[in-house]
Amino acid sequence: MRYGMVGGGPGAFIGAVHRRAASLDGLAELVAGAFSSDAARSRAQGAELGLDPRRVYASFEEMAAREAELPEGERIDFVAIVTPNHMHYANARAFVERGIHVVCDKPLTTTLEDAEALCRLVAERDVVFALTHPYAAYPLVKQARALVASGALGVVRKVIVEYSQGWLATAIEETGNRQADWRTDPARAGAGAIGDIGTHAEHLARYVTGLEIERLYADVSTFVPGRRIDDDANMLVHYRGGAKGILVCSQISVGEENRLALRVYGTDASLEWHQQTPNELLVRRADGPTERFTPGHAFLVPEARRGTRMPPGHPEGLLEAFANIYANVARVIMARRAGVAPDPLDLDFPTVQDGAAGVHFVHAALASGRTHAWVDAAYTPPTAGTGATR
Amino acid sequence: MRYGMVGGGPGAFIGAVHRRAASLDGLAELVAGAFSSDAARSRAQGAELGLDPRRVYASFEEMAAREAELPEGERIDFVAIVTPNHMHYANARAFVERGIHVVCDKPLTTTLEDAEALCRLVAERDVVFALTHPYAAYPLVKQARALVASGALGVVRKVIVEYSQGWLATAIEETGNRQADWRTDPARAGAGAIGDIGTHAEHLARYVTGLEIERLYADVSTFVPGRRIDDDANMLVHYRGGAKGILVCSQISVGEENRLALRVYGTDASLEWHQQTPNELLVRRADGPTERFTPGHAFLVPEARRGTRMPPGHPEGLLEAFANIYANVARVIMARRAGVAPDPLDLDFPTVQDGAAGVHFVHAALASGRTHAWVDAAYTPPTAGTGATR
Amino acid sequence: MRYGMVGGGPGAFIGAVHRRAASLDGLAELVAGAFSSDAARSRAQGAELGLDPRRVYASFEEMAAREAELPEGERIDFVAIVTPNHMHYANARAFVERGIHVVCDKPLTTTLEDAEALCRLVAERDVVFALTHPYAAYPLVKQARALVASGALGVVRKVIVEYSQGWLATAIEETGNRQADWRTDPARAGAGAIGDIGTHAEHLARYVTGLEIERLYADVSTFVPGRRIDDDANMLVHYRGGAKGILVCSQISVGEENRLALRVYGTDASLEWHQQTPNELLVRRADGPTERFTPGHAFLVPEARRGTRMPPGHPEGLLEAFANIYANVARVIMARRAGVAPDPLDLDFPTVQDGAAGVHFVHAALASGRTHAWVDAAYTPPTAGTGATR
Amino acid sequence: MRYGMVGGGPGAFIGAVHRRAASLDGLAELVAGAFSSDAARSRAQGAELGLDPRRVYASFEEMAAREAELPEGERIDFVAIVTPNHMHYANARAFVERGIHVVCDKPLTTTLEDAEALCRLVAERDVVFALTHPYAAYPLVKQARALVASGALGVVRKVIVEYSQGWLATAIEETGNRQADWRTDPARAGAGAIGDIGTHAEHLARYVTGLEIERLYADVSTFVPGRRIDDDANMLVHYRGGAKGILVCSQISVGEENRLALRVYGTDASLEWHQQTPNELLVRRADGPTERFTPGHAFLVPEARRGTRMPPGHPEGLLEAFANIYANVARVIMARRAGVAPDPLDLDFPTVQDGAAGVHFVHAALASGRTHAWVDAAYTPPTAGTGATR
């Protein structure tokens, strides 16, 4: 399978992650790209990657137009979009409109209008659309989700989810750091910590518990002087059905690297998972020892088993989790090509509707932060449940 | 030194903890008690403990009156109060009025009026008064406090403190469980999770950071059907000076045993401590490896060193932390007797004003929970800073 | 119950540990002592502890003789021996001969002849004799033992036990350190790392698995220049019945505090326990998640449950484990006094025969180290199995 | 860069690992293969991987001969050898003789004669030859090596290294398990646990400490009835220069997944690393807190930094470590092509001499196990130090 990339030019950290992930399982090969809005930089990156120069484009519009004209079997099957947030909508639209499948970095868009427009467009053009929330693609997160769904925890009462980093604890955006530069720019990022990592936390909690946020109260801060965007938020959350909880996201928590952690407390049992030690899932009960799950075992659920490439005890990391999304997308596209129904296990990736829900969450949190009030966060994205989008 | 006990009759878990702690360092001997409001039960407990029957009393009033009449050197030097919360005020008053020093279980009282009256009375009678927040008496908590005070963390920006338990996840108060019975009774406990454990969390954060809560927003819940008291709360907290954070307390977090944990994030470094692994303190920085402290080392601060009885690697637990409070109290009383100034290190225990602050916190949290609004939680207890109370 | 102490004078670390442990559960009160071979130091320690000066003796011989003359009910019920190793035999004999029960620090003696003589004497005089291997008295070690005994691990194949410390990595015995001084003196200690901590490791493995060492090969070293005693040993071990393993003891492992750890691998499952995190026991299987046990739960075996004083999640440490031995001894003595059979759970403490087995192990290891050959380590202490010694 | 593969046919676990690793950084593309000695299986695998059928060969001999005839720029630059151990020698020789660079799975060969012949041949033909000990390619292992080399630990006194697995605790080779089948066959594997994983442990210890084993005593066992090869070994090890230690390898340690762990104790400090949590390195000192290193930080040594692809806190695993070897090899080959000296950091991979040393270790351990005696394990491979082999 062939794919192209929009964004991911020289120095862009996340582009290389996507490229490694996309090809990890040998299912997709990079053949085209518009790696930068600067044509020379795009060409340089394409050359560095050994691409045919004819398929290295000066703009994503050109890429979408030209690739769509290529014959099937030659043109890209899907595009990976790894640009700054404010570009996602235009990028994605250009390809979806032409019937090209999309893997898009999160958050989906910076405005809810764009997100919903994309939902409708994806349904209309019936393309495969995946959003990269890779943390939910770790095998043990899938095991956690299955445990909740099976009722092993009883009824969920409390959810504590957190994503704390420290890398923005000082104004490094003023020091020339490229990552910090656009991520702290309201125009390009849309939101700060809430959009960059809060949305991962929200998705993770939703993915594992199946619960939607009904209302939330966000205490949103900007700790670093001069910064124009949120860098820390603490939220009270009420889920549909009565569960309550806490959602914390922070980029000023000095010394934290990438502390994404989830705890779910049910009436019968609870679970805990930490992204920095992703190969361990704890399940606690009142009446027996704590259980510690690790990946790769035959006794895990199928969706957890298939996300592991090596025998137990051979650590896999975030790249492999990322690759789990790409592999599922590739297999779904292959099934479509073959005219057969996709394996249901392959449909296990975040969708455009998940993306719209994430954008809605970001906006709800920012609104609560501004108004110092609870906000209604219940949300049903357009075309939800139609199944059209995978 | 001689001490007496009020409460702690047959089957009362916490009485035995206090007795072991009080005598652990050989500084205090139990010689008197009013162990139960039921005279026969009090006598039975006294006999079990091998006390002189003449000093086992049918009521705390009788005990206070009779002990006060005994000659110095024979009468108790201090009393340990380990009754249910609603009795603390009357218990403590009876002894303070007679000039007998007090060690009292937390929370100090169930009403703020009582707490403040006690503050004034303690100052007036100039007695030593300690409140048992034992978690703050672990050696590494003292190290943590010293690190913050030294400026090693920079300016504190964020505090995450949590105390989660699961033992009240079902209505065990209806099954005859004595501990659960009074702790879920609004009349005897005053508050539920917030008073029972939230107050430990609040004290721990305050002790380590030196920061006072300025305002808070509490999302207070009762999850267990039929329960008449709070069993879970999630709070947004603003500290004086600009730090923000989260305070979680819960008794319905199934599978959690006694998960009290604190994180403090400053501008330069952060720290993390967990009560269930109390002999480890982590300090994280952006520009170097994480440091893991353990107790017993010469390079720790003096107040941390003196709370350890064995060489490094010989685990000490909660009983030993409890004993650190009793030992300090005993040494302060000895200094008074000797007419000398106490060693400043001995003054390191929670006071009656800390108790009043804790009660104020509980009431603020409950008020916020009732009104669904931020409440002003700033508070200066009466007689604070007079130094009269140690 | 009354007890006396031999050793434990000013500055002796282990004496204070024993005193705290002996009285922790309120079952025994210190009333007599010969705390030092220096009469003035003994008196000073007795005064510090508030003892009646008439019962503070200038020598252990005097103490044994005089206490034995006191009427029952006044004289000590047992003696705690906490002197350097080379004194244990004479100390213990003096009391056993007079029918006074003994709790003795390990190793039992420095020669096997003495150890065996004590076995016979204890049996002849029918006294209670306990050796303080406190690590085996942690609740989860008892759970581990019960798991092995129940067959939950299948047949044991492999045992890895280690006790590593770093405090003797330099020649601190030359700096005036009292602990190091006698522990590195062949005349007073008998053996170095092997006797001081190797014997704990050997006992722990034997206690948990029920297996006896059949033969061993010890690679014994003295790393610190000028030291006259072993400070490190690595051993190959063959157990009776076919299990094999490793036993490591070291006092030159810089940075290790008190790393005593045990792993037992059976045909069906395995377990792992670490002394520095004693409130966690891991049980691993091939076909399910790892189980993590913590103390205080109703689902643990009775012998594990009774060694815990607080609800789950309230850490207990080494002092409490030590106290478990003292409490058992006190209850066995009480049963004898009452003329009833002891509770079998109370008989769960290391005996004089365990001590002889430990001494045999030390000598076997030293012999192997000297001869660079496998040595027969099978050993049955005199009077083993007679049951006479508890 | 183009590479080919020998072995790694359908169902072979390790072939897929190598393929993912080789292409992870986009430096090498698989273009040829002799995936099985069964021509049809080889073709099937080639088709599955999308290779040009003309470059999928029926035998490695054919592949070597035919590829060598292709023009440079078309033929493979290197070959990855992932066959069972007994084939490595013939496989490697065929390519080395034709001047094709090699990446070979460990152990290098099953006989020392073959290993040494390869050393000489590699030197003679001046090819790049890398052996895949991937555990030594984790970033923090490189940090550990740099710490030792810098003298931060002082003089190394003790090394404890262990590699324990449980997957061969039962006779699964009799159940049709392909991995177990050849790994327990003396003819194809050469050695059991010692060759399969003991050699990883030996290499890891050597790589980190720079120490060579001088002599060893191995207690070698076969625990599973009917098995014809070693499945467990415990070794006493003496290193050149005076350090001593333990080396454990086991495949019958039920419940262990892939427990490879290393500890190094020096006169000044010690370090500890565990493969199952590879992103943590502990450094302990007597006089300060333990330091915990994680990857990705600017304060790490260059060789550690370059082995990490993502910012701190984004876990990388074994595949990424494997890829570090491939990336280094690819860059060294590129430098050769360019006629420039390789970056010294790129030369950091295990060589053919490391492989010969590993084979020597395996044979020494087996000899000791057979003779129940210490064996001389000192060894200098042919052509060592000539630098010819990278």
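The chains carry the letters A, B, C and D, assigned in the order they are written, with residues numbered from 1 in each.
Going forward, a residue touches a chain if its C-beta (ideal position, glycine included) is under 8 Å from a C-beta of that chain, and two chains touch if they have at least 3 such contacts.
As the structure is a computational prediction, the values presented were derived from the model and not from experiment.
Engineer: Keeping to the contact definition above, tell me which chains border both subunit B and subunit C.
Structural biologist: Chains that touch both subunit B and subunit C, as defined above, are A, D.
Engineer: Going by the touch criterion at the top, tell me which pair is linked by more C-beta contacts: A-C or A-D.
Structural biologist: Between the two chain pairs, A-D has more contacting C-beta pairs.
Engineer: From the mean C-alpha coordinate of subunit A to that of subunit B, what's the distance rounded to whole Å?
Structural biologist: Once rounded, the distance between the two centres reads 44 Å.
Engineer: Please compute the C-alpha centroid of subunit A, do the same for subunit C, then give the distance between them in whole Å.
Structural biologist: So the centre of subunit A lies 56 Å away from the centre of subunit C.
Engineer: Just curious, how far off is subunit D from subunit A if you go by their C-alpha centres, in Å?
Structural biologist: The separation of the two C-alpha centroids amounts to 35 Å.
Engineer: Residues of subunit A that contact two or more other chains, please.
Structural biologist: Within subunit A, residues 167, 256, 283, 290, 294 contact more than one other chain.
Engineer: For the complex, which residues does subunit D have touching subunit A?
Structural biologist: Checking each residue of subunit D against subunit A gives 13, 16-17, 19-20, 23-26, 49-50, 165, 167, 256-259, 275-279, 294, 296, 309-320.
Engineer: Going by the contact rule set out above, which residues of subunit B touch subunit D in the complex?
Structural biologist: Subunit B reaches subunit D through residues 282-283, 287-294, 297-299.
Engineer: Along subunit C, where are the residues that touch subunit D in the complex?
Structural biologist: 154, 157-158, 160, 166-167, 169-170, 217, 219, 221, 223, 232, 234, 236, 238, 244-246, 248, 250, 252-256, 265-270, 283-286, 290, 372, 374
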